[in-house]
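The structures come next, written out as structure tokens.
Here subunit A shows up in two complexes: once beside subunit B, once beside subunit C.
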Partner chain A sequence: MNALDGKANYFPYLLLLPALALTLFIVAWPLAETFRLSFTNSSLNPVEEYVGFKNYIKIFGGKFPAVIVRTFYWMFISVSLKMLVGVAGAMLLNCAVPGRNLFRVLIMPPWIVPIAIGVFIWSWMYNGQFGMISGIGQWLGIFAGPFEFLAFRNSSFYATIVTDVWVGTPLVTIYLLAAMQSVPGDLHEAAWTDGASRFYRFRRITLPLIMPAVATMGLLSAIWTFNSFDIIWILTEGGPRGSTTTMIIDTYKTAIARNRYGEGSARAVMIVTFLSSFAAFYFYMLTRFAKRAMNHGEPTS
Partner chain B sequence: MNMLKFAAASMLVLGAVSSAQAADKELHMIQCGGQDWGGSFAEKHIGEWEAANPGYKVNLEYLAWGQCQTKATTLAAAGNAPALAYMGSRTLKQLSKNDLIIEITMSDAEKATYAAPILGTVTAGGKIWGAPRAFSTKALYWNKGLLKAAGYDGEKGPTTWGEMYEMASAIKEKTDADGIALVAASFDNTMHQFMNYVYSNGGEVINADGEIVFNSPQVVEAMEFYGTKLASVAQPGPIAYDKAKARPLFLAGKSGFLVGPYGDSARMKEVDGLEWAVGPMPHGPSGESGTLLITDSLAVFKGTGVEEQAVSLAKYLTNPKNQLEFEIATGLTPLRASAEVDAMIATDPNWAPFIDIIPAGGPEPFATDYQGLQDAINDAIQSVVLGEATAAEAVEAAADALEDVK
Partner chain C sequence: MINKYKWYEYILIYAGIALFIAFMLAPFLEAFLVSMRPISEIFTIPYAFVTDNMSFDAYFDMWRNVPRLHVYIMNSFFIATAVTIIALVCVIPAAWGFARFEFKGRDAILGAFLAINMVGGTVLIITLYKLMQKLGFLNTYWAMIIPGAAFSIPTGIWLMRSYLMKIPKSLEEAAWADGASRLYILRRIILPIAMPGIIVVAIATFIGAYAQQFLFALTFNSQDSLNPLPVGIYQFFGRQEIIWNELMAASLVGILPVLIIYIFLQRYIVAGLTAGAVKE
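And now, the complex of A and B:
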């Protein structure tokens, strides 16, 4: 209603229509279709039938629960490392050292280089015969001979994590650096005047003030890492013996490589469910931080 | 007034062009690889076919190897199939079972132009589902210098698995190199490599009656040889190697043997100082020298309205003369015997082990879920290489898994 003349004003809603249509077309419809397909036996066969919860029962009766556990473990280790390295990197880049701007630029290449190219280079670095890592390891006496990182269950699992951390850390670092730069300098000066050590100032001033940013980045990073496909696919295609098969890899293999669209959709629905809970938690945290900031007059991130 | 005349004339010209275009029926063709992969010959032949078939225009779409097959399959599943597409022949059974492609009928004279096992790579249920377009066989390359250093004359390669293992062991012990560049990664080439040994030992995955016979003594022997004996004299960690990573080992003189297609010889010729030779696959205790016959085919999709013309185009592109031009341009193994192929062997005797072996070759296993079949066999190989199962256990487990995908 227009407050002045008492007539309804639909113009703002009209302006929203294109965005609404776009969202319905590229988000809502594919999502609804995925849910629908998950209850069918859809495959290359043009005739599809509804099969109830059969696809869900089938995936939980097989190897999928182990894949879910592996996915969470992979995500947990990877995100933890990204956050640790990211915080440390942001602290270093925040120091007043000569050439600081150069270092800030130099940290970006892993994030800027196309993932396929970066990961392809990593696949050769992990090679035992020609790769740098095995070569250095042998030179240092860590390995007796060439070591193939992608040939064994555990080493390939952690190798994919290391590459994911390499790709994902620059963004975390830059984001947290921006948060650190928003911490008022006079708080540090006051603490320094009172004799607080560098570590004490970090623990009691910097860390609490950047915690909203850390939480935000941690959650966003978890969402991206959960769905990380290209790194694992290029390095191992989910092998050896499924040891690097995460939910997204399993879903791709089922739905696209094996053309089992119904079963693949059931897996995709599981991914959507998990990611939706992450997203819900993310928005809950955002709201909480925003409320706290309003109460205390603090920056939100 | 002049403006009006100009506009009217433009409309007439545009209308004429549009109606001419509308008269042309389009054949959407998906080709894997870039234009540089025999594209100039394919385009020349397509042009000839168009000239002989007025009213039909071929829309040739080149796609990267990694996505061409997926796109053609997805388009077909979505009801928007291309008229014809370059597909791995291993997918044809699945596509035919789902009623997405049509049979390619061939006369007896046409069939007779192929060596008998080649059509086996495109035949399911007694029907031919694709026109073979690209063909590959495998043979054993060896490094003559390393064999000499290991105490052999180097000119003669192994003919049996026993000899092969003995030579590879000697190379591993007496030189800095490994016996063989072995692949066991989670990629399609691992299964392909293994199948060379299966067919060289009288084994099969699926027999002519469609039954899984993977758990035969011949396959167990092949698995034991590949996953245990060869792995013990290969480079460390073969599971980290697909063919793209194994080949450099041989080129760098780091391994004594490599199983590969004829195309690998071109790369070897470029390496200064690399002394190499090539011969047929050694055979196991229960069979004769064989190889895996891999073909890619032109498949004609159903429901496009131009199926008849698509079959005609597929046959034109793969007729003996055009196919040979394409093969020479791309370095592929010839599909048919001919005087030109004899001349090719005379010019380069390295062709002989790849062509002479064709009658003893076996087709890529045909399954309704090819990816499932590949995963089951690769998992069996990896379980043996990692020492997590014996050859017999791995083969038995794979045979069970294959029942679901045959």
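And now, the complex of A and C:
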């Protein structure tokens, strides 16, 4: 017990009051209300009625299952690429070469600048006639002529992923770099004196020790990627022909563009369900890492 | 030496880093090059990095062709500043509470705050829209400020709390023994001592708030004079004739303030923004 605690035990709650009030108002209540609306036919019509599971039955009879599969596929590829590029990038930036402090500064801008503005620039880059990527591709002979990345189903799907990777990679890299730097130097020294090669040391020392950080970041990144809205909306608005419509885009289109709040809420509830299971898994993982660290005295992340 | 590399290892490392940085910075280079080209040269085929008649003209003309550009930039600053102030008012006392006091449900409440980070604003957009409508906040600054502030609280609490936990308690306890009230302690001891931490939280919140001004503004605001820069520029995209060079110039001008802040304070900003990725 803290000396400051004294008798007035309500005081800590008083300290939390502003934060709690705003959070209940802007997060908790809307969350509960989303659940309620998902069972109504809420729309621009001021009268709303409870319709039971009708919204859910309707979305599962339609295209929504395909949207769910697409969302997971989109997230899986994007997160895998972020982790792959992030691990490689952190490894490179962890090398003791001249200029590394500058390099660490130079990789951050995609993540610092307003996301929407970064994506505006990408929408120009993907332009087939005049953009940089198609231009370089033609110059290298990859494309026979101008290639309009955002006009085709497949290419727009992967184009939105590349931009998402661009936005998300700096955070992954810098987080994993911090984890690599917390690996005790004497472990490397000891292995080095025993004649272990650099690759061997990476595989047997660095990699196992940063694994908790990789898992943590991977899961967090998955949660954020699942919710990725700005990037897809600005580049394609979910098109062409629905090829980049993820769950969040579908929800937004249904609710905000077509004013079907009830059906939109049912979609939102599905997203929240998936997110909660990711989050539950995340907290479970954190406690497991914490316990293991306590048992073995290992650094956690 | 353990960190001595052979010559070919140097080449591989630098080549890898160069490739990585090229991916991260290529869009900015492209935006800059486009902003330098006269509109006639933008649509030249085949693609060329450097074209004829490059100049800074777009940076002057954009103020005329995007008449509200300065308004958008001011709005972005205003919204981010307001978000930061509201968030700090909520974050500082809450973080002190979490860092120093033991009370029922502390860990559960802290966990709940962290979970908010994961839900995010997008999925709640429907009910937030109805809420803003009910409160009469649609088409006002409030609709962009209040949700922004609420969603930046969790990261702020986490960052501030870990800073406060590093400060020794002895000062507070001494003041308490001398009969100072808790609010006095918060105001006269915690605030001055924690000022460096508060500044880090403030900068991180500001940068985050400046970076995420798309969704709420796009959905809750249809009054152009209140739009922040991202939505202000976004409106020009659907048009028949997009003045790409000026839009790129405007984008870069909008990016510039955060980049300048970042270059000077990068160490703190990185610490602040990575705090969202919790490690326990």
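Note that the second predicted complex is superposed on the first by the 278 of 301 C-alpha atoms of A that agree within 3 Å, B and C clash if a C-alpha of one lies under 4 Å from a C-alpha of the other, contacts with A are read in each partner's own complex, and residues count from 1 in each chain.
Just so it is clear, contacts are C-beta pairs under 8 Å (C-beta built on N, C-alpha and C of every residue); 3 or more make two chains touch, one makes a residue touch a chain.
Note that the coordinates shown come from a computational prediction; the quantities given were computed from them, not determined experimentally.
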Counting only touches as set out at the top, which of subunit B and subunit C does A:240 meet: first, second, both, neither? first
Touch test for A:150: subunit B only (first), subunit C only (second), both, or neither? first
Let me test your reading of the model: by the given contact rule, A:48 touches which partner, first (subunit B), second (subunit C), both or neither? neither
Which holds for A:130: it touches subunit B only (first), subunit C only (second), both, or neither? both
Based on the superposed arrangement, let me know which partner A:88 touches: subunit B (first), subunit C (second), both, or neither? second
Comparing subunit B and subunit C in the superposed model, the one touching more of subunit A is C
May I ask you to decide whether A:256 touches subunit B, subunit C, both, or neither, giving the answer as first, second, both or neither? both
Subunit A residues touched by both subunit B and subunit C? 129-130, 146, 256, 261
Give every residue of subunit C touching subunit A within the complex, in rising order. 2-3, 5, 10, 13-14, 16-17, 20-21, 23-28, 30-31, 34, 42-48, 76, 86, 89-91, 93-94, 96-98, 100-103, 106, 109, 111, 113, 115-116, 118-120, 122-131, 146-147, 149-151, 153, 157, 169, 172-173, 176-177, 182, 185, 207, 210-215, 218-219, 229-231, 233-234, 237, 244, 247-248, 251, 254-255, 258-259, 262-263, 266, 269-270, 273-274, 277-280
Subunit A-touching residues of subunit B, taken from the complex the two chains share: 70, 73, 76-77, 79, 94-95, 98-100, 185-187, 235-241, 245, 248-249, 252, 254, 369, 371-372, 375, 378-379, 382-383, 386, 388
Could you pull out which subunit A residues touch subunit C in their complex? 1-6, 8-9, 11-20, 22-23, 25-27, 29-31, 33-34, 37, 85, 88-89, 92-93, 95-97, 103, 105-118, 120-125, 129-132, 134-136, 138-139, 146, 166, 169-171, 174-175, 178, 188-189, 192, 213, 216-217, 220, 223-224, 227, 229-230, 233-234, 248, 251-252, 255-256, 261, 264-265, 268, 271-272, 275, 278-279, 282-283, 286, 289-290, 300-301
In their shared complex, subunit B is touched by residues of subunit A numbered 43-46, 126-130, 145-153, 156, 236-242, 253, 256-259, 261
